[in-house]
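These are the structures in question, set out in turn.
Each of the next two complexes has subunit A plus one more chain, namely subunit B in the first and subunit C in the second.
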Partner chain A sequence: MTKLLKMKTNSVDSRFEAIRFIVAIGVALLVALILIFMVSKEPFQALQYLFLGPISKFRKIGNIIETAIPLTYLGLSVSIMFAANQFNMGSSGALFLGGTTAAIIGLVLPLPFGIHPLVAILAAGVMGGLWTSIPAFLKLKFGASELVSSLMLNFVAFNICIFIIMNYFRDLNAGTLASTKFFETVLLSNLVPGTRISYGLIILVIMVILSWLFMSKTKWGYALRMTGLNVNFAKFSGISTAAVILYSQFLGGFLAGMGGASEMLSLYDRFKWQMMPSYAFDGVIVSVLGKQKPQYVPIAALLLAYIRVGADTMSINGDVSFEMISIIQGFIIILIAANAFLKKYRQKMVVKEATEND
Partner chain B sequence: MEEIIRMENILKVYPNGIVANRNVNFSIVKGEIHALVGENGAGKSTLMKILFGIEQVTEGKIFLNNQEVVFNNPQEAIKHGIGMVHQHFMLVPSLTIAENIVLGDEPKSGIMMDINKAIKDTKEIAERYHFDIDPKMKVEDCSVGTKQKIEILKALFHGAQVLILDEPTAVLTPQETEELFKELQLLKEKGHTIVFISHKLNEVKEISNRITIMRAAKDVGTYQTEKVSKEDISNLMVGKEVLWDLNKSKAQPKETTVKVRNISLINEHQRELLSDVSFSIRKGEILGVVGVEGNGQRELVDVLTGLNEISLGKIEIENVDIKGFSIRKIRDLGLSHIPEDRMKLGIAERASIEDNLLSIYYDKKDFLKGPFLKAKQINEWSKAKVKEYLVKTGSEKTPVKMLSGGNIQKVVVAREFSNSPKVIIADQPTRGIDVGAAQFIHKKLIQLRDEGAAVLLVSADLTEVMDLSDSLIVFYNGKITAYFEDASKLNEHELGLYMLGIKHQSDEEVRRCMYD
Partner chain C sequence: MISAISLNSVFTPEFIFTVIRVTTPILFGAMAAVICNKAGVINIALEGVMLTAALFGVFGSGYSQNLWVGALVGILGGVLISFLLAYFALYLKTDIILAGIALNLSTVGGTIFLMFALTGDKGATNSVQSLQFPRIDIPFIKDIPFIGAAFSGHSLITYLAILTVFLVFFLLYKTPFGLRIRAVGENPDAARSVGIDVSRVQLIALLISGVIASFGGMYMSMAYMNLFTNNMVAGRGYIAMAAAAMGQANPVGTTIAAFLFGTMEAFGYQLQSQGIPSQFINSIPYISVIIGLVLYSMYRQRLLKKKKELKLKGKGV
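Showing the complex of A and B:
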């Protein structure tokens, strides 16, 4: 009897999670709906742009995927670090640093076609990984919170990059801050004509698969997950938790660094980044939506990208501004992250299952 | 006799789906000592937590003096004159006894707390109930028995008429238990009503007027204590005849596996937690460790298993000095560890049973192909372990937090016992789990002993250590104060005298536990 009960509770949990996810998005969209009706003179038009805009044109579908690529890299990055219970927020710094590293390799290192972008992406990954390892090292050595140090280091990363580009690679003929042009061999060429999707997409797919394999199928992934779930238990079992703390954060930064390189070499032919990309918390959003599982991260990234492209379309064509979308995002995250959301409903489900067995 | 509390048709379902109370009816009359007995996990604590407002009912009603009441939190229950002393004390160690007792209802002078009045009040209430305590003493310096007195006084200070005691004797020595019982009798004479949760039948028979027995979340009746025998109670609790016989053959100890010589452990406050401890554990024997909690047993386990490092002395496992060894390296010598705190160290509750079984084997050759885990082999192996260790679950992929305490412990034990351990450190191996699971673990321990493991058993449950151990050492104040070569020849009362430090053996007698 107890056996039956336990099984049922299990299925209640997965069912409940699915329901909660859908309701969270539903509530957030409802809030968006209300806001749009409040601010827009043509609310139906605006809604159409928001929901159907992203699939109205082939180019727009391309936009969804373009937007989803860096989001996926960041989501993978954050997921691996969070799964180890390391709250390293350095992904956006690592991404910026990775982009800059790739740019510099594209500027100074002449390499043959085909090898050049791979070297640039790999170097960007290593730089990103080393960067996010700094908070890990500080934590192990001095007990500093990785959350605080990684957030602060984002600013350091950003300013170092801008400093290097401005002082050593700036194209004085360009009106704004930009480097000279990269060697053409370094660029990731276009994969889908009519969009800006490059061969970077294939690299990303490989990275998603590798991340999933790493997390669920290897001994390192196992040690990482156990450390994340209960560090005392991991230590007690003889798992080297210090190693996990280091490699989880190195890999997180590595993926973010690759993401930066992929962006840089797909969308630009020279370094043009002017400010910190707005990615700071995007990785966290995607990671939370994807339950910190690499296999779900691309889906979460696509969902977020869809909403963003829709918002973009709405703000260009309609009279509702893009900021609206930050509000929707905020709601989704709060509702999904809030453990107690729909708790009463869950309790009812559990009680029903439990007493039905009488 | 006047009924003071009545709980009707209580149903409690926890968020994890466990039904802790099902149609429970419970009633207490004024001025009685009412024992609430049942196996671990039968729902006694839950029922009392509901009465004290810590948990809320799913269905059912509570009446206080025939008025229906709803307690949303303990503060409301306290206001209605209900007090509870928990199994784990809820005191602030760095404050004095007086400060702890008035906490939550401090006497004030202006905006400041009136310390002198607090001390005076504490003295008064202690005298009224004949409790011998010093209000100015810090709680961290008090013994376990005193801490319990403080908890009781605290409840009385806050106006408790009904006092709930959750397994109050679990942490006490036999002598302290006697003292507690005298105090409870006195409280009863003064008109207080007491609910006494226990599963120690001797005590229940001795102290209570009436008994309510719970089994598997239901109540199986309330009885006048003098009208039921211990055997009756035991049968009602378990629902079947309990076989107490362990079928233990005499130990045949062989060569020494663990050699502990002159170890000391000094903490950052320069306190000696272990001082000059020496003993040996031999192949094929169970060495029991007893002592009142906080006399060095925990520290001993920590240094043997690599969770902490000794300050002085030497520990050898299979003739290897473990100085500076990581937990991993110590485990590789063949040591297994059942930790005292199973939720903190023994498992990752959100991980599956399979993942929990794997944690000390995940990088062993049999389960790996390159860096990849062999999913199929692991799954088959964990299925077999779940079966062998009778873990009640639908699937080995179920998260461990869905299991009951006894089944969680079976997962821990299955993991720790599956590598043919040479040394087993079993720290409270059956604390808080049901009789069936406990018996199963006991049998396994004896089986491994017979297969040649050296076992160190630390337990606060005296019956357990005395039944299971071949030899016994007593810890008092970080030292071994007694060694008994044959544990079966001891009685609880005598052991209690050693545990309290009233008696101790000569150095020569203690030195016998080194064998060489």
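Showing the complex of A and C:
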């Protein structure tokens, strides 16, 4: 009897979750609509670019996938770190550091074709993992807030990377800050002609599958999720929560570092990054959209990439700036994560289900 | 050798002037964080509040050509963000950290979006003739050697920051509402049981913090500089949070922590003139926050341990 009731609420819950997801995105798009009508002289054209731009050309579809690749890495990274209930925002620094590490290996280590990018990506992962382990270590050892320390470390990582490239690898003939060219062997070659999608995509697919297996099929993933749900309960059931926190943060940074390497070796032939990035925030969006589940993260990343390519097309062809997207993203995160959003509606659904079946 | 040169240049009125100058925005943010922490709400959106107020202040004063209208518009912009945080976190029950992150993200892009829509520029508000808060020369004090050059001639807002410390202290410890804030922060269930509307108190605390942090933002664009530039708050909201954490949300302790971070930043500027790479100097404020945070956390851990030991002794174990 109770089992039956539970099953009913479960089905209501998952249906309700889906509805809430759609309403949240609907509200965010409505906000986009209002903003566009407020600032644009040709709002209908802008809307057309926003929604249809990404599928207007083959190259644009390629752009969606190119944009989704780092977003997926970041989504996986943040999902694993947040699953342990650690608000570690170090993915930004880890990705930047990973890209820089891959660049340096591409600049100084002459390795054979095929092995070279793998070494670079693995080294980038290790660097990223070590970087995001710092806030976890400070939290475990001293109880220092991982949120504040990881945000501060992002600024430090950025400055370290720029310092190294500027002082040791700078191409003085280049007009802007750029390194000299990498060895050809390190580059990830093109996979889909007509786009910039490289063999990095295959590595990403493998990582998504591995992350999913790790989180849902291994005892380490189970320990991780238990620690995130209730650290005291996990401790009493014999899980070494300190170890869990350390390896979860390392793995999260590892994935972000790999993402940085994949970007660097797919899209560039020399180090050209100059802006302080806010990748961790991208990771948070994808992770919230994907419900912190590795198997949903790529879908969430594609959705976000679609909106971004649309906004990009719109800003190039019209008078609405690309940054509009960040307002929409904020709304999506907040509404999807809002536990009380549409709560009354859920109540009604449960009541209706119950009375209908009685 | 470097440290010898630096030490000579540290004990100058110019250096103290710089310390006060760079601490002002952090101090506002830290006082805003103090009120939130006391009310038991973590306000990560301070960064976004400051950034929004910085832009709104510039537009408000630029288009009206009236400084006070500008200040009001700036405050409204900042309070809007903290109201959104309160609405999402307290009423829609979004995790407050996630909501804060989302708002910061939205404001970084949102300010650029607005700037581009109104001026057609994405980098800075060069085309808007923003007004500035006046500099104040304090009578008598300005004529005292050394002290005059260090403490007089700051922006009006800087003196307001010092005043805010006292106001926050007064609000928290000398008023009935301050008592309610502290009660809610200490134990929300107990507060609820004596009839305090916890969400309402937290909402008001967030709004007050929005007003205070807004001044920090406007200081950036209407005193420290005379225009708004893309992402100009640059992590000061987070540094302010760290200062409040280190000061245990006590206004006096937090002020000391804020000045500590300000001193480190000013020290960085000193080093810059001595040929230290700018990347190291830019990192100094953030590294000093991490070190400060770790030291504070170590201290707190030791304190907790001692308390536990005392308790055990008291029980005769």
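Some observations on this one:
Rule of thumb we're sticking to: the second predicted complex is superposed on the first by the 348 of 358 C-alpha atoms of A that agree within 3 Å, B and C clash if a C-alpha of one lies under 4 Å from a C-alpha of the other, contacts with A are read in each partner's own complex, and residues count from 1 in each chain.
Quick note on the criterion: a contact is a pair of C-beta atoms (placed from the backbone, for glycine too) under 8 Å apart; a residue touches a chain by one contact, two chains touch by 3 or more.
Keep in mind it's a predicted model, so treat the numbers as computed, not measured.
In the superposition on chain A, A:152 makes contact with subunit C only, while subunit B stays out of contact range. When the two complexes are overlaid on their common chain A, residue A:323 makes contact with subunit C while staying clear of subunit B.
In the superposed pair of complexes, A:142 makes contact with subunit C only, with no contact to subunit B. In the superposition on chain A, no contact is made by A:34 with either subunit B or subunit C. Contacts of A:205 after superposition: neither subunit B nor subunit C is touched. Of the two partner chains placed by superposition, only subunit C is touched by A:331; subunit B is not. Across the superposed pair, subunit B and subunit C touch subunit A at no common residue. If you check the complex, the residues on subunit B that touch subunit A are 11, 13, 15-19, 22, 58, 307, 326-328, 331-332, 337, 339, 344-351, 355, 358-360, 362-363, 368, 371-373, 375, 392-395, 398-399, 402-404.
On the side of subunit A, the complex with subunit C involves touching residues 35, 38-39, 87, 89, 138, 142-145, 147-149, 151-153, 155-156, 159-160, 162-163, 166-167, 278, 281, 284-285, 288, 320-321, 323-327, 329-331, 333-335, 337-341.
On the side of subunit C, the complex with subunit A involves touching residues 44, 88, 91-95, 97-99, 101-106, 108-110, 112-113, 116-117, 122, 235, 238-239, 241-242, 245, 277, 279-280, 282-283, 286-287, 289-290, 293-294, 296-298, 300-301. Partner subunit B is touched in their complex by these residues of subunit A: 2-10, 12, 213, 217-220, 222-223, 225-226, 229-230, 232-240, 343, 346-347, 350-351, 353-355, 358.
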